[in-house]
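To start, the structure under review is shown below, and the notes come after it.
For reference, chains read A, B, C, D and E in written order, and residue numbers begin at 1 within each chain.
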Amino acid sequence: MGQLFLNKVQKFYGDYEVLKGVQLEVKNGEFVVFVGPSGCGKSTLLRMIAGLDATSAGDIVIDGIRVNDLPPVKRGIAMVFQSYALYPHMTVFENIAFPLRVERMEEEKLKAKVENAARILHLEQRLQQKPGMLSGGQRQRVAIGRAIVREPKIFLFDEPLSNLDAALRADMRIELAKLHRQLKATMIYVTHDQVEAMTMADRIVVLDSGDISQTGAPLELYHKPANQFVAGFIGNPKMNFLPVTCKGVGANGVEVDYQGQTAVLPVTPRDGIAGKALTLGIRPEHIQLGGGDIVFKVTPTVIERLGANTVAYASLNGESENFCAMLPGSVGIRADAPVATGINAADCHLFDEAGIAFERRVELTEIDMNVINPTAA
Amino acid sequence: ADKEISWIYCGDTIDPVHTKYIKQWEEKNTGWKIAPEVVGWAQCQDKATTLAAAGTPVAMAYVGSRTLKEFAQNDLIVPVPMTDDEKKTYYPNIVDTVTFEGTQWGVPIAFSTKALYWNKDLFKQAGLDPEKPPKTWAEEIEMAKTIKEKTGIPGYGLPAKTFDNTMHQFMHWVYTNNGKVIDADGKVTLDSPEILAALKAYKDIVPYSEEGPTAYEQNEVRAIFLDGKVAMIQAGSGAADRLKATKISWGITTLPLGPDAKGPGTLLITDSLAIFKGSGVEDKATEFAKFITSPDVQSEYELQGGAGLTPLRPSSKVDEFVAKDPYWKPLIEGISYGGPEPLFTDYKGFQNSMIEMVQSVVTGKAEPEAALKKAAGEIEAFK
Amino acid sequence: MSVQRSTVIFAWILLLPAVLYVLAIVAYPLVDTFILSFTDASLRKTTNWVGWINYEKIFNERFAEVIFRTFIWTFFSVALKMVIGTFGACMLNAAVPGRSLFRLLTMPPWIVPMAIGIFMWGWMYNGQFGMISGMLQRFGLADGPVAFLAYGNTAFWATIITDVWIGVPLVTIYFLAAIQSIPKDLYEAAWTDGAGRWYRFRRITLPLMVPAIITMSMLSLIATFNSFDIIWILTQGGPSGETTTMIIDTYQTAIGSKKYGEGAARAVLICIFLSLFCFAYFRVTRRLNPEKRA
Amino acid sequence: MSNAAMIDRYRWWEIILIYCGIAMFLFFVLSPFVEGFLVSLKPLSQLFSSPYRFWPENGSFEAYRTMWISVPGFGRYIFNSFFISTVVTLIVLCLVIPAAYAFAKFEFRGMGILLGAFLTVNMFSGAVLLIPLFRLMRSMGVLNTYLAMIVPGVAFLIPSAIWLLRTYMIRIPQELNEAAYMDGASHFYTLRRVILPIAMPGIIVVAITTFIGAYAQQFIFALTFNSKTEYMPLPVGLFAYFGKQEVIWNELMAASFVGIAPAMVVIFFLQRYLVGGLTAGAVKQ
Amino acid sequence: MGQLFLNKVQKFYGDYEVLKGVQLEVKNGEFVVFVGPSGCGKSTLLRMIAGLDATSAGDIVIDGIRVNDLPPVKRGIAMVFQSYALYPHMTVFENIAFPLRVERMEEEKLKAKVENAARILHLEQRLQQKPGMLSGGQRQRVAIGRAIVREPKIFLFDEPLSNLDAALRADMRIELAKLHRQLKATMIYVTHDQVEAMTMADRIVVLDSGDISQTGAPLELYHKPANQFVAGFIGNPKMNFLPVTCKGVGANGVEVDYQGQTAVLPVTPRDGIAGKALTLGIRPEHIQLGGGDIVFKVTPTVIERLGANTVAYASLNGESENFCAMLPGSVGIRADAPVATGINAADCHLFDEAGIAFERRVELTEIDMNVINPTAA
């Protein structure tokens, strides 16, 4: 119960095509996160699933029933808004009870349900307060409480944590994850914060201007991004991209040349790429001081010391801060003092001119297959 | 420069006759200028009063004669005594309307009386003789009843809205029964058999009057009459003028008389030019006032027809006029036993009590006797 | 704190023109009226100090009735304005084609000179020739002319309706604005939970309009309490004084009967009543938003 | 498929209900105008005729022509109304903008009382204060000039204008003031360069309400304080269609429609701001 | 010249003491960050320095002059507001030019200055647009532009980045750091995001309900927090605290007992602590799988896989998620599967009952002294 199928869903605003035929299947009980840059259509898609916005073309199917023309309540979904949309004039109790009042649930049952929800969300003490007196995190929980009392098949969240400060966000993230396990409901979660996406999702859907760019488990996206867009979007700090030339193709992968140094990257080769300009991708956390398959000198311009690790930014090829390395916390580098850095071929990603990734020969099992597909476990 | 005589002139525009004579007078009196200010009928009286109360009176204003007493008592206006010769030029009783404590306080400039109009078609329809209007109240009530019962159309148009002419209309009944609200010594004589009879007659005629008399004032009742939806009304000359434009066949006669009547009567309403005290040009204003109301000017002004005015003075011109338009006759005949608007210091207070009295009888809230007693008690305070 | 003192001085400089202006034009006549209320001022040129007599005179039986009537009249008029205004605002808020035209069409009663609007109503109410009576007869709902202004209670309601009519456009527009400032996501949330239109109106729109309703009630209370032209033109307070409100009575006393002193006392009384309302209003709004503004 | 947000999508019967509701509402608002309009079309002689006929028999726009003849100064009256209202509006804005700003942005002792006092002024219909006002106007020597109507008009329109504008200005973020203050801008400079432009929608609302208040409603002052026909505003001009015996109803109504047309045009163009401006200001208070 | 001295600065709102005598010296050209939980008085202090709020007691001294009663412009201060406070009706050019217009600077000079500021902030293309058409980061830069044209001695920032999304925030952080180096002005920066504090500050001032809790370079606070409040506030995820008992004091430090295991922590001991209950602090990034001086089994309840690293949360002693470990990205742990974790004594912090830290015997020079006191370099 809670299975969602989007079939070539399209959305037009006038002539402007916001969603270009989204095709997606969400399994029952799955936690799916939509990520993507601002304006890519995440909210629009979510609102269409909710039934708040009309679908221009395509089908939205929930549990086998096409729901395009059903109002939200008939779809068995509940939505938590970014702004929480709490009713300012009602107490927390009444806010949570609202969906039940709509159903005219009898008082006793209603009370039991609200109190149960409040217990799950640790809101027992707040039931008689108005939303105006609550902190951001508490409000957020009230909004969730309002969603869970209805026992919907599918929860929709639109950037629910973006109004919270970092500490609270971390706490709420954990609570949401636990809630998911507890309720076993299908959840669809929109965010543009990819840390949230990585930590919470069973599966991440990366949207790029109205299209699905890649779907997959968080670590699959991290380790095997299908294209340069996903590679750049997933991972923080952003992946570094270096222009390389393809020297040739061998059994061990593709040989590339970066400013005279060559390395063989363990990716599945394709035909006819010899001599072509390709893009090499390397995550900041895979850059090390000193040796590696490819080494180069950089002069960090900005150094951020976060305690646990140190992030160094440098200009490569004269462009502004396009190179970033994440190094251990106590690393001895200084701004404006050149250092030698290196990367290992095994950590590299390779993209063709169109930005399509060459499949990496990474054994995901090495990383712990159970984590990559936790639902399969 | 020229000395100015300010004049609050009621209406929408200055009558061309007046324009003409103002010019004439200004030519004769060099150095003087008449400055009329045209103010709508609804507000002109209040405006003159406000100005006087605030201490900047106009030289002269067109006011209802009924307010003259109030003004005089409060020392706002100067008397405008008439010579006996002058008095004689007017129809009888007219001078009384501007007289208080033995002298005159204004120069009458407009005059109206009422007569009974009846709709001959409706009379015919009800089986009555269309050429025989009621002569007495009893006949009037009886005929109204017949008409109402036979045709379903109300027999009498009774205005009883909270409006000044509700009292006026009632005063017609008072004066057609030799009644008096206040006597020459200033004693209130409202609670008299004559007036009680009038009030009772009101009560009797209500069932045969239009639905909801308290919603209509005189002009509205007249409009209903013009529409053929009521058989008899009391109205001034203006109605005749308008009737000409309709298909109704109508007649006009003196107002029906009550049991105690001595002869045809009507309420004599005059408007006067009052000369305000303190303008500095009182004498010249008085002179002008007399000029602009002098027989020739006045008759030219009032005999234009249509304005609803009745001539103030008898004259050969008037006779000619009556001969031409015989409907003037009953309007003039009523003057002989007519009476003025009763002069009270608080005229509005008095008027309100009278309206209240009429309305309470018309709506059946009070019996005539009780209503009359109550009103008589109240108006004592307004003398 | 010098910073703050200069700020306060600046605030007063900004206020001063308006304050002085109103003081000069309104406060003086106001004080004049107040003084007048203790005299026997009339058309007569001399006036005497009479103390509280004018106030004592007010409280005869008749005036008690007038006060009572004024409150009832005001109550119904304001209540109707609020109800119709809310209704109108909701209707005009609905996303249907033509709504901006409809919004424009609500404005005329506000723009037309009040007297003219009232005359038009006078026409409507006319039993013989008016639209309402005419239509009622046409549709067989009445078997003869219905003179609305003829009877106490119909005239009472007729004047209220006209007052409501004049006040409704501003109330509607104001409420419309209030409704539009309610965040849209509240409705979406409620709708997602299955709340229908009526339910959403009852549980969200209405409660969130309360501040606007209170403000408008206050402003229209003042206007309605002082509403003069409507009653004066339609009924002059009749029939039998059944539409006489305090302001009508004040006018009749002061302007009609020229008893300026007594009239002034009545005016002062009106002012006292309204000040009490104002006071109550401030108390209520303070309770509604206890926190100072943002 | 329409693109309207789903929540605004109505079922057919809801649309019908909404239109019925709007029709009911507009019927209430407009029916007197319908009556008035029909009156303006009927020849005077036919005005008073029963049974009631909705459509005037041989109705015509004749009254719209003759009204100019019956009251030759009517155009002038409209002009006067426009002129007076414009001046009144300008003066009110000049006085009210700073005052509303002070009420909205500064906190000082006595503010509540002063605000209440302004509301109190709203309570007095000019009618009650007429005679003292008259004396005042006289001693100021402005009787029988445009000023006679402008001066008191302004006074009685100030309070509600302050209320409206204040609620609007409260919503302008305090940071803007502080930012300007940080940059060394004087209070006055801040008001002129920062607050004024931002408050424009609110100011337009106030301007419209003031203009209309002055345009159509300021009857009694004109009547009492001015005697010169050439200065009279529209409402007084309309009363020129009242004779002693009779009101020229059809021309009166025609004139009313002609008279409010300019104001309607103004509203038509500004109504967007009217609702929008109130929206921003309406939430609190 | 941009030296600031706060001498026993106090602020009362009625009876409520928001700032309890703040004593602080800011050197010319320093980048000082105020951090602290919400409501601790950061904004209030900043606004007092700016001259927006009055000072209840104490002196604010700028370049040797007491400025308590001077208006902001005379203090030589510019402030960037959290909400940017851009004038919506003015173009970017006019917004930036505003302070110069106030001074009635002549047109040409003004234009030159604005254009210069726009160049520094990469706003050249936007000068004719209105703020409403700009993205969050661009608006932020306009607000900074308005501050820099005045060439103030001191810049004040009140949470300037909190409205931006994560990616933009990272970019702006770098730009601000560069701007600081470029202008060499004194900057005081308020935030409650301690990542920002760590990365940007020369010196961090930790405020705790109106008092300064600790002042120091970022890594000093990270490695040697003076008390439990600072220890918990600096570092993300938050430091873990474990209740321990003091076994005794030795030359190598303090011997503590945690659930039967003992370890000697290298901290400067104090007298009379033997047998007392103390608190051991250990950062999540210092927890390792397997061995260590103290080892314990935990059952992770929530696991966040961020790609580069994995964060595991567990309940210790039955409390909810009070234990957090940051492990390598590809670590093989699973929710609800117990794992053995360990910590090294050298990484531990120790606090007494009042929360005061025992000084750690960490050689900060080992970590690169230059980084800890960069201005000294």
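Here, contacts are C-beta pairs under 8 Å (C-beta built on N, C-alpha and C of every residue); 3 or more make two chains touch, one makes a residue touch a chain.
These are the chains along with the protein names UniProt gives them: A, E = sn-glycerol-3-phosphate ABC transporter ATP-binding protein UgpC; C = Sugar ABC transporter permease; D = Carbohydrate ABC transporter permease.
If you're wondering where the values come from, they're calculated on a predicted model, not measured in any experiment.
Counted as hops between touching chains, the shortest connection from subunit B to subunit E is 2. Between subunit A and subunit C, the least number of touching-chain steps is 1.
Taking B-C and B-D together, the chain pair joined by more C-beta contacts is B-C. Distances between chain centres, each the mean of the C-alpha atoms, put B farthest from subunit A. Look at where the CA atoms of subunit A average out and do the same for subunit E: the two points lie 27 Å apart.
For the pair subunit D and subunit E, the distance between mean C-alpha positions equals 56 Å.
The distance from the centre of subunit B to the centre of subunit D, with each centre set as the mean of the Cα atoms, comes to 40 Å. With touch defined as above, residues shared between interfaces to two or more other chains in subunit E number as follows: 51, 71.
The set of subunit D residues that touch two or more partner chains comprises 4-5, 7, 47-50, 130-131, 135, 239.
For subunit B, residues touching at least two other chains, in rising order: 50, 53, 223-224, 227, 229.
Of all residues in subunit A, those touching subunit E in their complex are 38, 162, 165-167, 170, 173-174, 177-178, 192-195, 198-200, 218-219, 222-223, 234-238, 283, 285, 301-309, 311, 313, 321, 326, 329-332, 334, 366-368, 370-371, 374, 377. Here subunit D touches subunit C in the complex through residues 4-5, 7-8, 10, 14-15, 18-19, 21-22, 25-26, 28-36, 39, 47-54, 94-96, 98-99, 101-103, 105-106, 108, 112, 114, 116, 118-125, 127-133, 135-136, 151-152, 154-156, 158-160, 162-163, 170, 174, 187-188, 191, 209, 212, 215-217, 219, 234-235, 238-239, 249, 252-253, 256, 259-260, 263-264, 267-268, 271-272, 274-285, going by the rule given at the top. Remark: subunit C residues 42-45, 125-129, 144-151, 155, 235-241, 252, 255-260 touch subunit B in the complex. By the touch criterion given at the top, residues 45, 47-50, 70-71, 130-131, 134-135, 138, 143, 223-224, 227-229, 236, 239-246 of subunit D touch subunit B in their complex. The touching residues of subunit B, counted against subunit C in their complex, run 46, 49-50, 52-53, 70-71, 73-76, 160-163, 210-216, 220, 223-224, 227, 229, 346, 348-349, 352, 355-356, 359-360, 363, 365.
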